[in-house]
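Next come the structures, one after another.
Okay, so chain A shows up in both of these, paired with chain B first and chain C after.
Now for the complex of A and B:
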């Protein structure tokens, strides 16, 4: 494979694993640079600089087959899951990256969506489920119906490297916590399904604001910090803060060459979520405006993560918690129980993934276990156990198959069946 | 392969421990004012309270929760909306018999029968409900305009139909508010007492029509 292509693929993989800015600062040619003369090295670096000033477009995508291995009469199919085995294109993510000026980098990531087509909404008064249909006639060919989709902006930031110890990033960025949220591209993930403790968003997945980070190395060890200030969480937090409280967060990562790789991190976030409802009324010949809080809570999220690698063995583990305390006038109704309001909650959970890289065909069998104490009053606990096989078919293509079984013990919900869920997924994920 | 030293391991463990034990959540105080956690793990009003803009609010003297509002106990009524419950005027609502025990009070001299010759004392000749004592509604029965009392038992707390038996509000609403309500009403014309509307719950799969406070019918 040509060096340029290898460099390009390593660049894409690095960006998919959310390290784009830092990875490019390290020589993408890596060990390939060893053993060349100085003139050739200078020439290579000049080419890389030229490459750096260009706009880089790359991305990743995945295609998944999912089937639930429960009896067709399972009550899970009535309310939650499709009983029919399904193919789906899950992620189509595009990256636009450019070194916009010396010390200035920019990265924008889009996810292209088939949504909102097929999105379901449940009427709280009638219980009817309405499915959104985005079908429209194509104006270029009136005989053809097309379904329009959407675009989700995953991140859009510019950063300035003021010092090796200080880079300031501004815009929308992925919250620096844990392993899974940062390495969120499906080609670099070991498993297929996000652990519930990640999917429940105990930390905000991304935020809009400022992030400062830097790394201090001492010997063969390093300590990386992240400090963040943002709009915090809210219904439109990407562009509008509905309260005066900014979300504050931070992360510390310690890396050492113990075993073959040792990385431990702790993360924290605190902020205030506010949802408001505004209305206009005419009273006393004047327009009266109300702007009431319909949901408001303070939250504190904490996490720890550990990544170990020793020879072919790999261990990823995360423990995450979220404490949520509602304002008295911002406690929302609980829609599952109809009456009552949501209590303050302390949700926490963990997952552990153990894998071994076999010397054949890029195979990596793995096992994963999850425990989660949820914020949902009616579904307090979720346990998941699973196993799978990850195969790196090429540097840019990963094939996976995964079997998982989930239990929901202690549920008091009338619509959550007292039986486990078994699901089988197969996925192809690739970078381009 | 390099092994971590004990001091590094201890520092890492301490860092994780500190990070995971910071607190905002108080397990002994997870609901709002005058709320408690129910068996379904949601926050419900404590006995004697009704939902308010911030948690729940305790009902006042001579008041009982009736759905989302506090209602006056029997023998009491609000002189006007928002005012505390006050004892009804003497003679109003007293039990009477149109044959054997007529009403003695000069103002509330009409014995309005509800079961044979048995009934309650009220006034007649009203033009609008403003002429009637609180919660009584001026009604035309064809011959006489009189002040009709609100349904007996309405808004009383209940756990089963037995708790509402014998009242005009004989239906125990056990889904949400757990109060006695009048059932089998008609939507058009509205057969419920003034200030209430007849709510048809058939669209929710419940073959019931119930009198609820105006504006609170979930099927709208």
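Now for the complex of A and C:
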């Protein structure tokens, strides 16, 4: 009997202890019950402040193996591509991000390049291809040859978040259009090779000027706008505008939770490209200067993009168009055309990527189709079909393999072979 | 008898909540409370607002996150974004590469989140505790209080450890 009594008492004690604990948990004062001491709290508050004022450095890089699956005698190898399978570090992009003041953010992204080493230039007089060699002797060790490379500033901006409907960004920014150009980082992109319609820069890849953007939400849907004014395109558009016409652009994006993700966007850009040549001539004891337009055209770019996600299925599609009308005094010579001058052009194209995320190992097989139509008489059409496998080995590492076949039908160019190109790429891309 | 007493003591220790938190997962409904400073003018948010705030799309709140793997964070991400922890990690990395900003600041525990929210205006956090420190309040979501069975932010029942 005493044993049973003690057992009951013990269980009662346990129940009382548990109830007391729950009562403490529901104590509205809570300050003593949560076990947080003041020093820990102050430490966290300091860390929070430090995190806000910290310079965040991160980036991405990729490493690619490329081989062309064509007969070694293919004319493509003589005209364009290397016949030898190649390893390459393609992108090494660094980001510097900082919240410079409340509501003020800054982002600088630059790409480290091996270029200009190996850059090829064709002599218009002899047709000879010269390859640039940046080899120099390292001044720290005269016995060692060093190839110097370059840096490309991809973007450098500061922005002020005035209101959810208005953020103003100033500097050099990535043009807000489509899907690929905004994603642009190899770990984020599904495929390995840029579609021709993106690589051809029918829109400027980035611009220097002002961008205003904001989002209006209504229920579970949202409408985002971007308005841009910039130097437009030019030979040195990142810091010098060579005409009075600013490049104007805009983008509207509608998002809704239809399926799992539904996003549709339209973008536009218009601007004037101007290249000038300045010269100084001494005549009659005076210096005469000229600053003539050597190339100038007005352009209008339009684009639409669609992104759908439903469960494991993903669809990305973009269609882009670019019209160029040359000024009378700015039409460049073109030795490949009968007239000897570059004609006005209307280039347009599209790509569609369909993918399915499998439940194993982050695997995502995909297919991609591309079409590019130009008004260049030499290469009027390019068709590409491809398939690949994207594997998110971890959130920060993406492995990809891709097989593509491209056709250039109707080409009258003497240097574009009339046979398809088959490419196999494998890539490791990572965020650091 | 001593063995019984010892067993009872072990049972007491096991059942007693740690640091005053009701952690015993007895299948009871555990809402995830959205906490802001008590003097915040905001009392209610739509679920879409919450998605925007914790998805990086809002500038009028400063969201605080719990560490990756914290049950509250896993469940909130699942409810708001239908994403697994790995998918959420990818989502934030992808946003950073696009230049759209990184994830909310991580605070080690829900207790600290609540205490910070009480002190730093504009911050918002989430906790699964039933007790909130002085100076904070829990928000309604879609007009529903956390006590309402229709409140959308509720933790998934987990087997007791």
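Rule of thumb we're sticking to: the second predicted complex is superposed on the first by the 375 of 432 C-alpha atoms of A that agree within 3 Å, B and C clash if a C-alpha of one lies under 4 Å from a C-alpha of the other, contacts with A are read in each partner's own complex, and residues count from 1 in each chain.
To be clear about the criterion, a residue touches a chain if its C-beta (ideal position, glycine included) is under 8 Å from a C-beta of that chain, and two chains touch if they have at least 3 such contacts.
Here the structure is a predicted model, which is why all the values come from computation and not from measurement.
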*Now for A:356: first (chain B), second (chain C), both, or neither, which partner does it touch?*
neither
*asked:* Taking the superposition on A as described, I'd like to know which of chain B and chain C A:342 touches: first, second, both or neither.
replied: first
*asked:* In the overlaid three-chain picture, which partner chain does A:260 touch, first (chain B) or second (chain C), both, or neither?
replied: both
*asked:* Touch test for A:151: chain B only (first), chain C only (second), both, or neither?
replied: neither
*For A:298, is the partner it touches chain B (first), chain C (second), both, or none of the two (neither)?*
first
_Per-residue contact with chain A, leading partner among chain C and chain B_ = C
_Let me test your reading of the model: by the given contact rule, A:378 touches which partner, first (chain B), second (chain C), both or neither?_
first
*Taking the two structures together, which residues of chain A meet both chain B and chain C?*
260
*Given the complex with chain A, which residues does chain C contribute to the contact?*
1, 4-5, 7-9, 11-12, 15-17, 19-22, 24, 46, 48, 52, 57-60, 82, 86, 89-90, 93-94, 96-99, 101-102, 105, 107-109, 111-112, 114-116, 119-120, 129-134
*Write out the stretch or stretches of chain B touching chain A in their complex.*
1-4, 8, 12, 15-16, 19-20, 22-27, 29-33, 35, 37-44, 53-55, 175-177, 203-205, 218-220
*Can you list the chain A residues touching chain B in their complex?*
125-127, 252, 254, 256-260, 262, 264, 266-268, 270, 298-300, 302-304, 310, 319, 321, 323-329, 331, 334, 337-346, 377-378, 380, 412
*Contact set on chain A toward chain C in their complex*: 2-3, 6-7, 10-11, 13-14, 17-18, 21-22, 24-31, 33-36, 40-41, 44-45, 48, 51, 56, 58, 60, 95, 97, 103, 105, 107, 109, 155, 161, 163-164, 167, 174, 182-185, 187-188, 215, 217, 219-220, 222, 260, 362, 392, 394-396, 431
